[in-house]
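Paired with chain B in one complex and with chain C in the other, chain A is shared by the two complexes that follow.
Our next item is the complex of A and B:
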């Protein structure tokens, strides 16, 4: 069935026959995807830059940024976002690392596989439904809505995404390094801190990139878990400009400026962690 | 021995953290009453009312299947092209394909709103919604297919051509079967990501169009009685989705076990 679609989309493949240029033709297969990305990914990113630096009348201006940075609530939202993302990432890492380590060191590989499935299974449940489940549990045991509840909700939703990359790095690790270290007299703690931990760095990095940035933009959880405390993250500020809810006008220029700030945060995080190299580990593509 | 018990205890503790909320929801989906914590007797009442959320489920599934299919075709062809490309265009596509993976969903969605408004169309439309979901999922198809292309012996394709296949035949009969597991993983991942998405849908969907994510969000974020009246029905829906997921996982693993056994 898919074959029929491919014929329709790519008639030129069958048109060009010839020996030396064959590789060139295979590479032409990425033209539709390339055009799609140009129109719907690259061009919109350039639009963000354009709108961020222009005023409503279309002239060059920095007013969107001065307006953002002179509003104290915006600054506090920005700082809180970075702080909350950091806290959530650290908690996820501290809970997930021992889990991934224990699973990767189980001798019974069937048991390890079943346990891993149990950790990943909830990610196939819609994440708003998972948030609802956590919210109902919190109200059941009497934890009030607010910043603490938000952090619990965020950790709950993002933890599986931290476990997966950690586990896949730890399971692939060559265990003979650890054995060598302990044969040479290193204590268990020493083996862990100077062999296991450094070797699992790629997994830590891809786990961190998969939690840190998405948390900042994930306003769904903070919206539903903050109650009347008004606790909110930077993603909400961007969304507010574009949702146009209840007939509110869409504020392109302001929204573009905040999006650009968000992009800068993203690039800085990526440079700090070297995350670009690890994007192929993203979201369980490696499982 | 002590250490082993400690590790098992820890794993069970974290699993409890993950599953207690879900099981609480499942148990109270059979509650006659509306509220969690007050057991008013066993009933299928909320399951009988599932037809009130039928439209939402249909919207969600259609969106996921159609956008994942298009994303899989675009992404698979893109990955093959990129992998064998030596020119600048392939590199450009590769970089472009990584942007939605690392970029935050809010920014991806809002950038699309800007584009749609520039083109003079409404900022909310079915077209924009599908485009948004394909932008979100196609890069993950590429990421799933590329490793399979790396494993494949690339001379197979050339051999097929030398033996007289047209490039299309060589692609369809030689390349695609080799990378099929990656294509399938990519398709499943695309479906999961689309089903899970809230932000892109909330920014781009036409008014009145709700997926499970946006509908549930509305009923748990807004605290009005009107908004929260559907919460017990969503508990029933969660239970059903959870059971379907468990069944799919078990069936898929039994199948892959069978395959491995037959290979041995």
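Our next item is the complex of A and C:
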């Protein structure tokens, strides 16, 4: 701590003469990001709050919120979104955990690297393109568009976001804990349930947040896969409010209100999962 | 820290002022023409490798150098101005942009209902009728425009036509006969189960649904009665609660038997064979028929018997428009050569009716038995001569799609601009169709279960704090007192 304080007082980067243009304080280095943050995060957030609490004419009103909560369609979509997010998260977790576990325990690190790359590689391609390719693939296999296809598409698209945090937690885990447990007579199952699983909790939480929240507001993927009978998520509702369609009005205020409701849900979820805590184990895996 | 805070706040303030529309139009000057239009709605020039695939109509009229240049480039060169061509996905997006920036564009190309809304809201101004429209605009479309109130006085108009068309079903002639699609609700037949897409846009889909719901009434109308067109317009523009309920029920039933809702993927899905029928605008139908031909397929387009929608896209000028420059552009795209270029490029049908346009149609005349009568388009609905008859291979083929027969046009009507409460009602109805909606009691049950679950969770998790153990508290007090005494 002492050392840190001294550095803080000293110019962080200086030229030899101890002055001039290159003299920065640490806090000053935040300015570029501060600018970015205020223009692209804080300002839009203020705009959303402004629009959410005003009517079309610009006067203060709560009508956007009452309209949302009194329309069964909106509430149903919200419920469906949470439910679908839950299902997708559970499927992703069930598939990803064994994969991440096996990858992290592979002795041959080159093989592990190649396998991991195979899982991560698709994320480098835009997800809209992947969704389009997946649609063709599904019709080739013979799975019709609809709810099942949507769930498959969502799981496919969000799986890497589950594997990565799990893998990075599991690979960093101190293996001597497991060794100690089995030395003391714990069966393999017991080692896993009482040592490995609890220790990988930060990775699970971070993976869950990275899948659960984005799935709710996803709309391109469900648009591609849902056909006419599948479900639409709340993201589609927001998109429709802001983009409109030929003949349907653009409802910026309503859209802002739904976005704000989503934001509240996200913050609550983060609080529940402890996403804001910066615990030692979670470092680097949390958002 | 204080300094940082000041920087933050001033930045936020600065960004507020930056969003004021005044600052956005500073760059505009008298030599820049700003156009708001649609994607792929103007010939913006061909690529070198496309040239050999072009039709003779184009290759005979233009040199390859001309074809490589877009129409905006040619206009820029001819008049020494800069053209800024911005495209939008929906009329509503265009409208919002205009509201945010009323003096931004000089020329906009919205659909007829949006033109009527913009006119009602005073967002566009009447302008002196451009020469080209005055002399060569199709009499049929001109009369429709004046019926819709888009003219102002003797020599001024709110809008001049650009492209127009109908709505109907595209089908694959190898698997389907046009008779199998003669009604709007034919798409519900078992043959087309899960093989149809309709538009993901309520305005268009509403026509289909109304046509299906009032099928009997529409069929029973006397086609030769003088008020036939008024009657058909009245039925297609019904928005009372009963109609909305019927439309909702129809669309919910149809939804179970459709492949999906789309606005752009239908064309590809038709060609790849994923679907058999696509509800489409006639211009998209022409485009799809052409694409299908390249893939060795033969597609047709049918406008159902009950009647359909006829739509127009037209040029309008917002209040802050540079009228003289905008008029020059309207005249420019209405020149015969440019009309043909645009039609070849985008597949839609121009509203211009020069005699040479008919010659161009004759160049595309198909071999066959059937004839279509285009006199109404070139000379007006009362024309009874036979100078504008064209031979086509089929009344459902490419040419009849691009230039519908008078018989077809008679049963087509323009849809009104829905606004205010009606629009909200239709939109809510559409949301109920598109999004899965639970009955209210299910919602309350779910909300109740979640609430009880949360309550139980909180009670269990914080039971030590909520239910204070009285025994323990007493003990604790006793101990403390004793301690104090001892102390």
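Basically, the second predicted complex is superposed on the first by the 243 of 287 C-alpha atoms of A that agree within 3 Å, B and C clash if a C-alpha of one lies under 4 Å from a C-alpha of the other, contacts with A are read in each partner's own complex, and residues count from 1 in each chain.
Basically, a contact is a pair of C-beta atoms (placed from the backbone, for glycine too) under 8 Å apart; a residue touches a chain by one contact, two chains touch by 3 or more.
These figures come from a predicted structure and were not determined experimentally.
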For this session: Could you tell me if A:216 is touching chain B, chain C, both of them or neither one (first, second, both, neither)?
Result: first
For this session: Applying the touch criterion given at the start, work out whether A:229 contacts chain B, chain C, both or neither, answering first, second, both or neither.
Result: second
Problem set entry | Which of chain B and chain C A:102 touches, first, second, both or neither | first
For this session: Give one of first, second, both or neither to describe whether A:51 is in contact with chain B, with chain C, with both, or with none.
Result: first
Exercise. Looking at the overlay, does A:238 come into contact with chain B only (first), chain C only (second), both, or neither?
Worked result: first
For this session: Figure out whether A:198 sits in contact with chain B (first) or chain C (second), or with both, or with neither.
Result: neither
For this session: Answer with first, second, both or neither: which of chain B and chain C does A:76 touch in the superposed model?
Result: second
For this session: State whether chain B or chain C is in contact with more residues of chain A in the superposed arrangement.
Result: B
Exercise. Residues on chain A in contact with chain B in one complex and with chain C in the other?
Worked result: 27, 30-31, 34, 38-39, 42-43, 139, 243-244, 250, 252
Seminar exercise, completed: So, in the complex, the side of chain A touching chain C is made of residues 27, 30-31, 34-35, 38-39, 42-43, 46, 71-73, 75-77, 79-80, 139, 144-145, 226-229, 231-232, 236-237, 240, 243-250, 252
Problem set entry | Complex contact set, residues of chain A against chain B | 2-3, 5-7, 9-10, 13-14, 16-17, 22-23, 25-34, 36-45, 47-48, 51, 95, 98-99, 102-103, 115, 117-119, 121-137, 139-140, 156, 159-160, 209, 213-214, 216-220, 223-224, 235, 238-239, 241-244, 250, 252, 255-256, 259, 262-263, 266, 270, 275-276, 279-280, 282-285
Exercise. What does chain B use to touch chain A in their complex?
Worked result: 7, 10-11, 14-15, 17-22, 24-25, 28, 36-37, 72-75, 77-82, 84-87, 89-90, 92-93, 96-115, 117-118, 123-124, 131, 134-135, 138, 140, 142-144, 146-147, 157-158, 161, 166-168, 171-172, 185-186, 189, 192-193, 195-196, 198-199, 202-203, 212-213, 216-217, 220-221, 231, 234, 237-238, 241-242, 245-246, 249, 253
Exercise. Which residues, counting only chain C, touch chain A once they are in their complex?
Worked result: 1, 4, 7-8, 11-12, 15-16, 89-93, 95-96, 111, 113, 194, 200-204, 206, 255-256, 258-261, 263, 274, 418, 423-424, 426-428, 430-432, 434-440, 443, 446-447
